[in-house]
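Note that the chains are named A, B, C and D in the order they appear, and that numbering of residues resets to 1 at the start of each chain.
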Amino acid sequence: MTKVLEDICRIRVKFGETDAMRCVWHGSYVSYLEDGRESFGRRYPGIGYVDISRSGIYAPVYDLHVRYVAPLGIDDVAEIHTRYVYKPGARLDFSYEIYRGRDHALCATASTTQLFIDPQGQLLVDPPDYYVRWQERFLKE
Amino acid sequence: MTKVLEDICRIRVKFGETDAMRCVWHGSYVSYLEDGRESFGRRYPGIGYVDISRSGIYAPVYDLHVRYVAPLGIDDVAEIHTRYVYKPGARLDFSYEIYRGRDHALCATASTTQLFIDPQGQLLVDPPDYYVRWQERFLKE
Amino acid sequence: MTKVLEDICRIRVKFGETDAMRCVWHGSYVSYLEDGRESFGRRYPGIGYVDISRSGIYAPVYDLHVRYVAPLGIDDVAEIHTRYVYKPGARLDFSYEIYRGRDHALCATASTTQLFIDPQGQLLVDPPDYYVRWQERFLKE
Amino acid sequence: MTKVLEDICRIRVKFGETDAMRCVWHGSYVSYLEDGRESFGRRYPGIGYVDISRSGIYAPVYDLHVRYVAPLGIDDVAEIHTRYVYKPGARLDFSYEIYRGRDHALCATASTTQLFIDPQGQLLVDPPDYYVRWQERFLKE
(Lines give C-alpha, C1' and ligand atoms only; values in the text may rest on other atoms or scores of the structure.)
Protein backbone atom coordinates (compact mmCIF):
# COMPACT_ATOMS: atom_id res chain seq x y z
CA MET A 1 0.00 0.00 0.00
CA THR A 2 2.53 2.59 -1.09
CA LYS A 3 0.76 4.31 -3.97
CA VAL A 4 0.61 8.08 -3.66
CA LEU A 5 -2.93 9.41 -3.95
CA GLU A 6 -2.87 13.15 -4.32
CA ASP A 7 -5.18 15.86 -5.63
CA ILE A 8 -4.47 19.49 -6.42
CA CYS A 9 -7.27 22.05 -6.51
CA ARG A 10 -7.41 25.81 -6.66
CA ILE A 11 -9.67 28.11 -4.72
CA ARG A 12 -9.94 31.87 -4.85
CA VAL A 13 -9.73 33.79 -1.60
CA LYS A 14 -13.03 35.47 -0.68
CA PHE A 15 -13.23 38.94 0.81
CA GLY A 16 -15.33 37.64 3.70
CA GLU A 17 -12.55 35.21 4.60
CA THR A 18 -10.12 38.00 5.42
CA ASP A 19 -9.80 39.67 8.80
CA ALA A 20 -8.75 43.04 10.16
CA MET A 21 -5.06 42.15 9.58
CA ARG A 22 -5.99 42.36 5.85
CA CYS A 23 -5.08 38.71 5.18
CA VAL A 24 -7.10 35.51 5.25
CA TRP A 25 -8.29 34.76 8.78
CA HIS A 26 -6.56 31.64 10.10
CA GLY A 27 -9.88 29.92 10.75
CA SER A 28 -10.79 30.15 7.06
CA TYR A 29 -8.08 27.62 6.23
CA VAL A 30 -10.22 24.89 7.80
CA SER A 31 -12.68 25.25 4.95
CA TYR A 32 -9.80 25.21 2.44
CA LEU A 33 -8.81 21.80 3.81
CA GLU A 34 -12.41 20.69 3.37
CA ASP A 35 -12.28 21.98 -0.21
CA GLY A 36 -9.15 19.87 -0.67
CA ARG A 37 -10.79 16.73 0.71
CA GLU A 38 -13.90 17.20 -1.43
CA SER A 39 -11.81 17.69 -4.54
CA PHE A 40 -9.75 14.62 -3.60
CA GLY A 41 -13.00 12.69 -3.19
CA ARG A 42 -14.14 13.63 -6.68
CA ARG A 43 -10.83 12.40 -8.11
CA TYR A 44 -10.83 9.14 -6.11
CA PRO A 45 -14.56 8.56 -5.68
CA GLY A 46 -16.15 6.47 -2.94
CA ILE A 47 -15.36 8.37 0.25
CA GLY A 48 -17.09 11.66 -0.50
CA TYR A 49 -19.93 13.14 1.49
CA VAL A 50 -22.58 11.44 -0.64
CA ASP A 51 -21.09 7.96 -0.10
CA ILE A 52 -20.67 8.66 3.57
CA SER A 53 -24.20 9.89 4.16
CA ARG A 54 -25.76 7.11 2.06
CA SER A 55 -24.12 4.52 4.32
CA GLY A 56 -25.07 6.30 7.53
CA ILE A 57 -21.46 5.95 8.70
CA TYR A 58 -20.12 9.47 9.12
CA ALA A 59 -16.46 10.39 9.24
CA PRO A 60 -16.12 13.43 11.50
CA VAL A 61 -12.76 15.14 11.94
CA TYR A 62 -11.05 13.91 15.10
CA ASP A 63 -7.73 15.69 14.82
CA LEU A 64 -6.76 18.89 13.03
CA HIS A 65 -3.32 20.43 12.81
CA VAL A 66 -2.45 23.53 10.79
CA ARG A 67 0.84 25.37 10.58
CA TYR A 68 0.71 28.86 9.05
CA VAL A 69 3.82 29.84 7.14
CA ALA A 70 2.91 32.76 4.88
CA PRO A 71 -0.24 34.86 4.48
CA LEU A 72 -2.88 34.72 1.76
CA GLY A 73 -4.50 37.98 0.73
CA ILE A 74 -7.45 39.28 -1.24
CA ASP A 75 -7.25 38.33 -4.88
CA ASP A 76 -4.92 35.42 -4.11
CA VAL A 77 -5.61 32.02 -5.55
CA ALA A 78 -4.65 29.17 -3.21
CA GLU A 79 -3.47 25.85 -4.56
CA ILE A 80 -4.40 23.05 -2.21
CA HIS A 81 -2.44 19.80 -2.36
CA THR A 82 -4.29 17.00 -0.58
CA ARG A 83 -2.58 13.67 -0.05
CA TYR A 84 -4.06 10.49 1.41
CA VAL A 85 -1.96 9.06 4.23
CA TYR A 86 -2.50 5.37 4.81
CA LYS A 87 -2.64 4.31 8.46
CA PRO A 88 -4.04 0.94 9.50
CA GLY A 89 -7.40 0.78 11.22
CA ALA A 90 -10.70 2.62 11.15
CA ARG A 91 -9.29 6.04 10.33
CA LEU A 92 -8.92 8.36 7.37
CA ASP A 93 -5.83 10.57 7.27
CA PHE A 94 -4.82 13.38 4.94
CA SER A 95 -1.89 15.74 4.75
CA TYR A 96 -2.09 19.09 2.99
CA GLU A 97 0.04 21.83 1.58
CA ILE A 98 -1.44 25.18 0.60
CA TYR A 99 0.47 27.32 -1.88
CA ARG A 100 -0.06 30.90 -3.03
CA GLY A 101 -0.77 30.88 -6.74
CA ARG A 102 1.03 34.05 -7.76
CA ASP A 103 4.49 33.09 -6.41
CA HIS A 104 4.14 29.43 -5.34
CA ALA A 105 5.04 30.34 -1.77
CA LEU A 106 4.08 27.70 0.78
CA CYS A 107 1.39 29.28 2.96
CA ALA A 108 0.39 26.39 5.22
CA THR A 109 0.87 22.73 5.94
CA ALA A 110 -1.82 20.70 7.65
CA SER A 111 -3.05 17.26 8.57
CA THR A 112 -6.40 15.80 9.54
CA THR A 113 -7.59 12.51 10.98
CA GLN A 114 -11.20 11.39 10.59
CA LEU A 115 -12.76 8.54 12.54
CA PHE A 116 -15.96 6.67 11.69
CA ILE A 117 -19.13 6.76 13.76
CA ASP A 118 -22.33 4.81 13.39
CA PRO A 119 -25.80 6.43 13.34
CA GLN A 120 -25.86 6.24 17.17
CA GLY A 121 -22.61 8.19 17.34
CA GLN A 122 -20.51 5.20 18.45
CA LEU A 123 -16.94 4.92 17.18
CA LEU A 124 -16.31 2.09 14.73
CA VAL A 125 -13.46 -0.27 15.58
CA ASP A 126 -13.32 -1.68 12.06
CA PRO A 127 -13.30 0.39 8.89
CA PRO A 128 -16.74 0.61 7.21
CA ASP A 129 -17.41 -1.31 3.99
CA TYR A 130 -17.30 1.72 1.71
CA TYR A 131 -13.84 2.60 2.99
CA VAL A 132 -12.53 -0.97 2.62
CA ARG A 133 -13.80 -1.06 -0.96
CA TRP A 134 -12.21 2.31 -1.65
CA GLN A 135 -8.86 1.14 -0.29
CA GLU A 136 -9.04 -2.02 -2.40
CA ARG A 137 -9.79 -0.01 -5.49
CA PHE A 138 -7.23 2.75 -5.17
CA LEU A 139 -4.43 1.50 -2.95
CA LYS A 140 -3.78 -1.89 -4.46
CA GLU A 141 -2.46 -2.49 -7.92
CA MET B 1 -52.89 41.63 18.85
CA THR B 2 -51.00 44.82 19.51
CA LYS B 3 -48.67 43.82 22.32
CA VAL B 4 -45.02 44.63 21.69
CA LEU B 5 -42.79 41.61 22.09
CA GLU B 6 -39.17 42.66 22.11
CA ASP B 7 -35.88 41.28 23.32
CA ILE B 8 -32.52 43.00 23.74
CA CYS B 9 -29.30 40.97 23.79
CA ARG B 10 -25.64 41.85 23.60
CA ILE B 11 -22.96 40.10 21.63
CA ARG B 12 -19.26 40.86 21.45
CA VAL B 13 -17.70 41.25 18.02
CA LYS B 14 -15.28 38.44 17.17
CA PHE B 15 -11.99 39.03 15.40
CA GLY B 16 -12.87 36.40 12.81
CA GLU B 17 -16.02 38.36 11.93
CA THR B 18 -14.02 41.35 10.69
CA ASP B 19 -12.74 41.78 7.16
CA ALA B 20 -9.88 43.58 5.43
CA MET B 21 -11.68 46.92 5.82
CA ARG B 22 -10.98 46.43 9.59
CA CYS B 23 -14.69 46.40 10.51
CA VAL B 24 -17.23 43.62 10.88
CA TRP B 25 -17.87 41.96 7.52
CA HIS B 26 -21.41 42.70 6.37
CA GLY B 27 -22.23 38.99 6.12
CA SER B 28 -21.51 38.51 9.83
CA TYR B 29 -24.61 40.52 10.68
CA VAL B 30 -26.77 37.63 9.50
CA SER B 31 -25.57 35.61 12.47
CA TYR B 32 -26.20 38.58 14.76
CA LEU B 33 -29.84 38.52 13.66
CA GLU B 34 -29.91 34.81 14.44
CA ASP B 35 -28.46 35.60 17.88
CA GLY B 36 -31.29 38.07 18.29
CA ARG B 37 -33.97 35.55 17.32
CA GLU B 38 -32.54 32.88 19.61
CA SER B 39 -32.43 35.30 22.53
CA PHE B 40 -35.99 36.37 21.73
CA GLY B 41 -36.99 32.70 21.70
CA ARG B 42 -35.56 32.18 25.19
CA ARG B 43 -37.54 35.15 26.47
CA TYR B 44 -40.79 34.14 24.77
CA PRO B 45 -40.38 30.36 24.63
CA GLY B 46 -42.15 28.05 22.22
CA ILE B 47 -40.75 29.04 18.83
CA GLY B 48 -37.08 28.29 19.41
CA TYR B 49 -35.02 25.77 17.47
CA VAL B 50 -35.81 22.98 19.93
CA ASP B 51 -39.57 23.44 19.61
CA ILE B 52 -39.29 23.70 15.87
CA SER B 53 -37.18 20.60 15.40
CA ARG B 54 -39.29 18.55 17.84
CA SER B 55 -42.37 19.26 15.73
CA GLY B 56 -40.65 18.51 12.43
CA ILE B 57 -42.02 21.79 11.06
CA TYR B 58 -39.03 23.95 10.25
CA ALA B 59 -39.14 27.70 9.79
CA PRO B 60 -36.45 28.63 7.26
CA VAL B 61 -35.75 32.26 6.45
CA TYR B 62 -37.59 33.30 3.29
CA ASP B 63 -36.75 36.97 3.18
CA LEU B 64 -33.81 38.91 4.62
CA HIS B 65 -33.23 42.63 4.46
CA VAL B 66 -30.35 44.46 6.13
CA ARG B 67 -29.45 48.12 5.96
CA TYR B 68 -25.96 49.05 7.18
CA VAL B 69 -25.72 52.47 8.77
CA ALA B 70 -22.50 52.55 10.82
CA PRO B 71 -19.62 50.09 11.25
CA LEU B 72 -18.87 47.77 14.14
CA GLY B 73 -15.23 47.17 15.00
CA ILE B 74 -13.06 44.84 17.02
CA ASP B 75 -13.79 45.10 20.72
CA ASP B 76 -17.24 46.51 20.06
CA VAL B 77 -20.24 45.09 21.83
CA ALA B 78 -23.38 45.06 19.70
CA GLU B 79 -26.81 45.46 21.26
CA ILE B 80 -29.41 43.61 19.24
CA HIS B 81 -33.04 44.66 19.54
CA THR B 82 -35.35 41.98 18.15
CA ARG B 83 -39.06 42.72 17.80
CA TYR B 84 -41.82 40.35 16.73
CA VAL B 85 -43.94 41.74 13.92
CA TYR B 86 -47.38 40.19 13.70
CA LYS B 87 -48.60 39.47 10.19
CA PRO B 88 -51.54 37.16 9.53
CA GLY B 89 -50.92 33.72 8.05
CA ALA B 90 -48.28 31.05 8.19
CA ARG B 91 -45.31 33.37 8.62
CA LEU B 92 -42.98 34.60 11.33
CA ASP B 93 -41.66 38.14 11.03
CA PHE B 94 -39.08 40.05 13.04
CA SER B 95 -37.58 43.50 12.81
CA TYR B 96 -34.17 44.33 14.27
CA GLU B 97 -32.01 47.24 15.28
CA ILE B 98 -28.34 46.77 16.05
CA TYR B 99 -26.63 49.39 18.19
CA ARG B 100 -22.96 49.91 19.06
CA GLY B 101 -22.53 49.54 22.78
CA ARG B 102 -19.89 52.21 23.40
CA ASP B 103 -21.85 55.15 21.91
CA HIS B 104 -25.34 53.76 21.21
CA ALA B 105 -24.96 54.55 17.50
CA LEU B 106 -27.41 52.71 15.26
CA CYS B 107 -25.34 50.35 13.13
CA ALA B 108 -27.99 48.42 11.24
CA THR B 109 -31.69 47.86 10.80
CA ALA B 110 -33.03 44.59 9.47
CA SER B 111 -36.08 42.44 8.94
CA THR B 112 -36.65 38.75 8.33
CA THR B 113 -39.58 36.63 7.28
CA GLN B 114 -39.68 32.91 8.00
CA LEU B 115 -42.13 30.50 6.42
CA PHE B 116 -43.03 27.01 7.65
CA ILE B 117 -42.23 23.80 5.79
CA ASP B 118 -43.21 20.23 6.56
CA PRO B 119 -40.71 17.34 6.69
CA GLN B 120 -41.14 16.89 2.91
CA GLY B 121 -40.15 20.50 2.34
CA GLN B 122 -43.65 21.65 1.38
CA LEU B 123 -44.79 25.11 2.43
CA LEU B 124 -47.52 25.20 5.06
CA VAL B 125 -50.58 27.25 4.23
CA ASP B 126 -51.77 27.32 7.84
CA PRO B 127 -49.55 28.17 10.82
CA PRO B 128 -48.32 25.07 12.70
CA ASP B 129 -49.76 24.18 16.10
CA TYR B 130 -46.74 25.28 18.09
CA TYR B 131 -46.89 28.73 16.53
CA VAL B 132 -50.64 29.09 17.10
CA ARG B 133 -50.15 28.14 20.76
CA TRP B 134 -47.29 30.62 21.05
CA GLN B 135 -49.39 33.41 19.57
CA GLU B 136 -52.25 32.62 21.95
CA ARG B 137 -49.90 32.69 24.90
CA PHE B 138 -47.97 35.84 24.17
CA LEU B 139 -50.05 38.01 21.89
CA LYS B 140 -53.38 37.88 23.66
CA GLU B 141 -54.10 39.27 27.08
CA MET C 1 -26.95 53.80 -20.43
CA THR C 2 -29.02 50.77 -21.19
CA LYS C 3 -26.40 48.11 -21.86
CA VAL C 4 -26.84 44.94 -19.85
CA LEU C 5 -23.71 44.04 -17.93
CA GLU C 6 -24.03 40.55 -16.52
CA ASP C 7 -21.71 37.82 -15.30
CA ILE C 8 -22.41 34.17 -14.57
CA CYS C 9 -20.16 32.18 -12.26
CA ARG C 10 -20.40 28.81 -10.60
CA ILE C 11 -19.47 27.91 -7.05
CA ARG C 12 -19.61 24.56 -5.34
CA VAL C 13 -21.43 24.33 -2.02
CA LYS C 14 -19.07 23.64 0.90
CA PHE C 15 -19.93 21.28 3.72
CA GLY C 16 -19.14 23.97 6.27
CA GLU C 17 -21.75 26.23 4.66
CA THR C 18 -24.59 23.85 5.52
CA ASP C 19 -26.52 23.90 8.78
CA ALA C 20 -28.44 21.43 10.91
CA MET C 21 -31.38 21.54 8.46
CA ARG C 22 -28.96 19.77 6.04
CA CYS C 23 -29.07 22.58 3.47
CA VAL C 24 -26.94 25.66 2.94
CA TRP C 25 -27.33 28.06 5.86
CA HIS C 26 -29.10 31.23 4.70
CA GLY C 27 -26.21 33.40 5.86
CA SER C 28 -23.83 31.63 3.49
CA TYR C 29 -25.59 33.17 0.51
CA VAL C 30 -24.08 36.53 1.42
CA SER C 31 -20.67 35.20 0.45
CA TYR C 32 -22.16 33.76 -2.77
CA LEU C 33 -23.25 37.29 -3.69
CA GLU C 34 -19.72 38.45 -2.97
CA ASP C 35 -18.42 35.67 -5.23
CA GLY C 36 -20.77 36.97 -7.89
CA ARG C 37 -19.55 40.57 -7.54
CA GLU C 38 -15.90 39.52 -7.64
CA SER C 39 -16.48 37.44 -10.75
CA PHE C 40 -18.36 40.35 -12.30
CA GLY C 41 -15.42 42.60 -11.43
CA ARG C 42 -12.99 40.29 -13.24
CA ARG C 43 -15.19 40.38 -16.36
CA TYR C 44 -15.70 44.15 -16.27
CA PRO C 45 -12.49 45.28 -14.58
CA GLY C 46 -12.01 48.54 -12.72
CA ILE C 47 -14.33 48.24 -9.72
CA GLY C 48 -12.81 45.17 -8.05
CA TYR C 49 -11.33 45.09 -4.59
CA VAL C 50 -7.83 45.91 -5.86
CA ASP C 51 -9.00 49.06 -7.66
CA ILE C 52 -11.05 50.09 -4.69
CA SER C 53 -8.30 49.64 -2.12
CA ARG C 54 -5.68 51.31 -4.34
CA SER C 55 -7.84 54.43 -4.49
CA GLY C 56 -8.58 54.45 -0.78
CA ILE C 57 -12.27 54.90 -1.59
CA TYR C 58 -14.05 51.82 -0.26
CA ALA C 59 -17.48 50.68 -1.35
CA PRO C 60 -19.10 48.96 1.64
CA VAL C 61 -22.49 47.31 1.29
CA TYR C 62 -25.25 49.65 2.46
CA ASP C 63 -28.29 47.59 1.60
CA LEU C 64 -28.75 43.83 1.25
CA HIS C 65 -31.90 42.00 0.30
CA VAL C 66 -32.15 38.24 -0.24
CA ARG C 67 -35.21 36.15 -1.00
CA TYR C 68 -34.81 32.40 -0.55
CA VAL C 69 -36.89 30.31 -2.92
CA ALA C 70 -35.41 26.80 -2.95
CA PRO C 71 -32.65 25.12 -0.94
CA LEU C 72 -29.10 24.28 -1.97
CA GLY C 73 -27.58 21.10 -0.59
CA ILE C 74 -24.24 19.40 -0.23
CA ASP C 75 -22.72 18.55 -3.59
CA ASP C 76 -24.81 21.20 -5.32
CA VAL C 77 -23.19 23.64 -7.68
CA ALA C 78 -24.74 27.10 -7.60
CA GLU C 79 -24.84 29.30 -10.66
CA ILE C 80 -24.71 32.95 -9.70
CA HIS C 81 -26.03 35.52 -12.15
CA THR C 82 -24.83 39.01 -11.24
CA ARG C 83 -26.20 42.02 -13.09
CA TYR C 84 -25.17 45.65 -12.78
CA VAL C 85 -28.11 47.97 -12.15
CA TYR C 86 -27.46 51.55 -13.14
CA LYS C 87 -28.78 54.15 -10.74
CA PRO C 88 -27.60 57.76 -10.85
CA GLY C 89 -25.33 59.07 -8.11
CA ALA C 90 -22.56 57.78 -5.91
CA ARG C 91 -23.85 54.23 -5.59
CA LEU C 92 -23.18 50.79 -7.01
CA ASP C 93 -26.14 48.44 -7.41
CA PHE C 94 -26.35 44.79 -8.39
CA SER C 95 -29.16 42.30 -8.74
CA TYR C 96 -28.59 38.55 -8.48
CA GLU C 97 -30.19 35.26 -9.26
CA ILE C 98 -28.82 32.02 -7.84
CA TYR C 99 -29.71 28.78 -9.63
CA ARG C 100 -29.11 25.16 -8.65
CA GLY C 101 -26.87 23.57 -11.23
CA ARG C 102 -28.40 20.10 -11.36
CA ASP C 103 -31.97 21.17 -12.24
CA HIS C 104 -31.69 24.93 -12.94
CA ALA C 105 -34.16 25.67 -10.15
CA LEU C 106 -34.12 29.27 -8.96
CA CYS C 107 -32.84 29.18 -5.37
CA ALA C 108 -32.59 32.86 -4.50
CA THR C 109 -32.91 36.37 -5.81
CA ALA C 110 -31.03 39.24 -4.25
CA SER C 111 -29.94 42.84 -4.57
CA THR C 112 -27.20 44.93 -3.01
CA THR C 113 -26.40 48.62 -2.89
CA GLN C 114 -22.88 49.84 -2.13
CA LEU C 115 -22.01 53.42 -1.24
CA PHE C 116 -18.58 55.03 -1.35
CA ILE C 117 -16.65 56.25 1.68
CA ASP C 118 -13.40 58.14 1.89
CA PRO C 119 -10.47 57.06 4.11
CA GLN C 120 -12.06 58.99 7.02
CA GLY C 121 -15.25 56.97 6.64
CA GLN C 122 -17.27 59.90 5.23
CA LEU C 123 -19.86 59.18 2.55
CA LEU C 124 -19.04 60.49 -0.91
CA VAL C 125 -21.70 62.64 -2.56
CA ASP C 126 -20.14 62.27 -6.01
CA PRO C 127 -19.01 58.98 -7.53
CA PRO C 128 -15.24 58.40 -7.26
CA ASP C 129 -13.01 58.71 -10.33
CA TYR C 130 -12.48 54.98 -10.77
CA TYR C 131 -16.21 54.40 -10.89
CA VAL C 132 -16.83 57.24 -13.35
CA ARG C 133 -14.11 55.83 -15.64
CA TRP C 134 -15.61 52.36 -15.32
CA GLN C 135 -19.07 53.65 -16.24
CA GLU C 136 -17.65 55.51 -19.24
CA ARG C 137 -15.85 52.39 -20.40
CA PHE C 138 -18.60 49.83 -20.03
CA LEU C 139 -21.92 51.64 -20.09
CA LYS C 140 -21.46 53.84 -23.11
CA GLU C 141 -21.09 52.63 -26.63
CA MET D 1 7.41 31.61 36.11
CA THR D 2 5.11 28.89 37.31
CA LYS D 3 1.90 30.77 38.02
CA VAL D 4 -1.17 29.33 36.33
CA LEU D 5 -3.02 31.93 34.28
CA GLU D 6 -6.38 30.60 33.23
CA ASP D 7 -9.70 32.01 32.10
CA ILE D 8 -13.07 30.32 31.74
CA CYS D 9 -15.74 31.76 29.46
CA ARG D 10 -19.03 30.51 28.14
CA ILE D 11 -20.38 30.83 24.63
CA ARG D 12 -23.69 29.68 23.24
CA VAL D 13 -23.64 27.59 20.08
CA LYS D 14 -25.13 29.41 17.09
CA PHE D 15 -27.35 27.73 14.54
CA GLY D 16 -25.15 28.94 11.71
CA GLU D 17 -22.17 27.16 13.29
CA THR D 18 -23.75 23.74 12.84
CA ASP D 19 -23.41 21.60 9.74
CA ALA D 20 -25.42 18.92 7.96
CA MET D 21 -24.35 16.33 10.59
CA ARG D 22 -26.54 18.42 12.96
CA CYS D 23 -23.65 19.28 15.29
CA VAL D 24 -21.22 22.18 15.41
CA TRP D 25 -18.99 22.18 12.32
CA HIS D 26 -15.41 21.41 13.31
CA GLY D 27 -14.17 24.64 11.76
CA SER D 28 -16.36 26.68 14.10
CA TYR D 29 -14.19 25.65 17.04
CA VAL D 30 -11.43 27.92 15.74
CA SER D 31 -13.57 30.93 16.60
CA TYR D 32 -14.32 29.41 20.02
CA LEU D 33 -10.58 29.37 20.71
CA GLU D 34 -10.45 32.99 19.65
CA ASP D 35 -13.32 33.71 22.04
CA GLY D 36 -11.24 32.03 24.74
CA ARG D 37 -8.15 34.12 24.00
CA GLU D 38 -10.13 37.36 23.93
CA SER D 39 -11.78 36.54 27.25
CA PHE D 40 -8.36 35.62 28.66
CA GLY D 41 -7.05 38.96 27.40
CA ARG D 42 -9.78 40.86 29.24
CA ARG D 43 -8.92 39.05 32.48
CA TYR D 44 -5.17 39.53 32.09
CA PRO D 45 -5.05 42.76 30.09
CA GLY D 46 -2.17 43.89 27.90
CA ILE D 47 -2.06 41.33 25.12
CA GLY D 48 -5.52 41.83 23.64
CA TYR D 49 -6.21 42.94 20.12
CA VAL D 50 -6.29 46.63 21.06
CA ASP D 51 -2.82 46.48 22.67
CA ILE D 52 -1.49 44.52 19.76
CA SER D 53 -2.81 46.82 17.05
CA ARG D 54 -1.77 49.97 18.94
CA SER D 55 1.83 48.74 18.95
CA GLY D 56 1.78 47.69 15.31
CA ILE D 57 3.26 44.33 16.33
CA TYR D 58 0.70 41.71 15.39
CA ALA D 59 0.58 38.20 16.80
CA PRO D 60 -0.82 35.92 14.09
CA VAL D 61 -1.49 32.26 14.81
CA TYR D 62 1.43 30.12 13.64
CA ASP D 63 0.32 26.72 14.87
CA LEU D 64 -3.15 25.35 15.59
CA HIS D 65 -4.01 21.93 16.91
CA VAL D 66 -7.51 20.75 17.81
CA ARG D 67 -8.65 17.34 18.94
CA TYR D 68 -12.41 16.68 18.79
CA VAL D 69 -13.69 14.36 21.49
CA ALA D 70 -17.46 14.86 21.73
CA PRO D 71 -19.95 16.90 19.70
CA LEU D 72 -21.63 20.19 20.55
CA GLY D 73 -25.19 20.70 19.35
CA ILE D 74 -27.74 23.44 18.93
CA ASP D 75 -28.74 24.97 22.23
CA ASP D 76 -25.51 23.81 23.87
CA VAL D 77 -23.45 26.21 25.90
CA ALA D 78 -19.71 25.62 25.58
CA GLU D 79 -17.37 26.37 28.46
CA ILE D 80 -13.96 27.36 27.16
CA HIS D 81 -10.97 26.98 29.48
CA THR D 82 -8.00 28.97 28.17
CA ARG D 83 -4.61 28.59 29.83
CA TYR D 84 -1.43 30.51 29.13
CA VAL D 85 1.55 28.23 28.50
CA TYR D 86 4.88 29.88 29.12
CA LYS D 87 7.58 29.06 26.59
CA PRO D 88 10.75 31.15 26.32
CA GLY D 89 11.21 33.43 23.32
CA ALA D 90 9.08 35.57 21.05
CA ARG D 91 5.99 33.38 21.14
CA LEU D 92 2.60 33.25 22.80
CA ASP D 93 1.16 29.82 23.61
CA PHE D 94 -2.23 28.76 24.91
CA SER D 95 -3.84 25.44 25.68
CA TYR D 96 -7.61 24.98 25.71
CA GLU D 97 -10.30 22.65 26.89
CA ILE D 98 -13.89 23.00 25.68
CA TYR D 99 -16.64 21.47 27.81
CA ARG D 100 -20.34 21.00 27.12
CA GLY D 101 -22.28 22.98 29.69
CA ARG D 102 -25.22 20.61 30.21
CA ASP D 103 -23.16 17.54 31.24
CA HIS D 104 -19.57 18.83 31.57
CA ALA D 105 -18.39 16.41 28.89
CA LEU D 106 -15.02 17.29 27.40
CA CYS D 107 -15.70 18.17 23.75
CA ALA D 108 -12.29 19.30 22.55
CA THR D 109 -8.73 20.01 23.56
CA ALA D 110 -6.59 22.44 21.62
CA SER D 111 -3.40 24.45 21.55
CA THR D 112 -2.23 27.50 19.63
CA THR D 113 1.11 29.23 19.12
CA GLN D 114 1.27 32.85 18.02
CA LEU D 115 4.42 34.55 16.76
CA PHE D 116 5.06 38.28 16.50
CA ILE D 117 5.50 40.18 13.25
CA ASP D 118 6.45 43.80 12.66
CA PRO D 119 4.48 46.12 10.35
CA GLN D 120 6.55 44.85 7.38
CA GLY D 121 5.52 41.29 8.15
CA GLN D 122 8.94 40.22 9.45
CA LEU D 123 9.12 37.78 12.35
CA LEU D 124 10.40 39.21 15.61
CA VAL D 125 13.29 37.37 17.25
CA ASP D 126 12.76 39.08 20.59
CA PRO D 127 9.40 39.44 22.32
CA PRO D 128 7.82 42.89 21.84
CA ASP D 129 7.73 45.38 24.71
CA TYR D 130 4.02 44.98 25.44
CA TYR D 131 4.46 41.25 25.86
CA VAL D 132 7.54 41.61 28.12
CA ARG D 133 5.61 44.05 30.30
CA TRP D 134 2.64 41.68 30.40
CA GLN D 135 4.88 38.78 31.46
CA GLU D 136 6.47 40.90 34.17
CA ARG D 137 3.09 41.90 35.47
CA PHE D 138 1.33 38.56 35.52
CA LEU D 139 3.96 35.85 35.63
CA LYS D 140 6.19 37.13 38.41
CA GLU D 141 5.18 37.46 42.00
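Simple rule for what comes next: contacts are C-beta pairs under 8 Å (C-beta built on N, C-alpha and C of every residue); 3 or more make two chains touch, one makes a residue touch a chain.
Values in this document were obtained by computation on a predicted structure and should not be read as measured data.
**Q** Taking each chain's centre as the mean of its Cα atoms, which chain lies farthest from chain B?
**A** A
**Q** Which chain pair is joined by more contacting C-beta pairs, B-D or A-D?
**A** Comparing A-D with B-D, the pair joined by more C-beta contacts is A-D.
**Q** Could you state the distance in Å from the CA-based centre of chain B to that of chain D?
**A** That gives a centre separation of 29 Å.
**Q** Please work out the Cα centroid separation of chain A and chain D, and write it as a whole number of Å.
**A** 24
**Q** Taking each residue of chain B in turn, which ones touch at least two of the other chains?
**A** 15-16, 20, 23, 27, 30-31, 34, 53, 74
**Q** Enumerate the contact residues on chain D facing chain A in the complex.
**A** Touching chain A from chain D are residues 20-21, 23, 26-27, 30-31, 34, 53, 58, 60-68, 71, 121.
**Q** Any idea which chain A residues touch chain C in the complex?
**A** Residues 12, 14-16, 30-31, 34-35, 38, 48-50, 53, 74-75.
**Q** Give every residue of chain C touching chain D within the complex, in rising order.
**A** Where chain C meets chain D, its residues are 15-16, 18-20, 22-23, 25, 27, 73-74.
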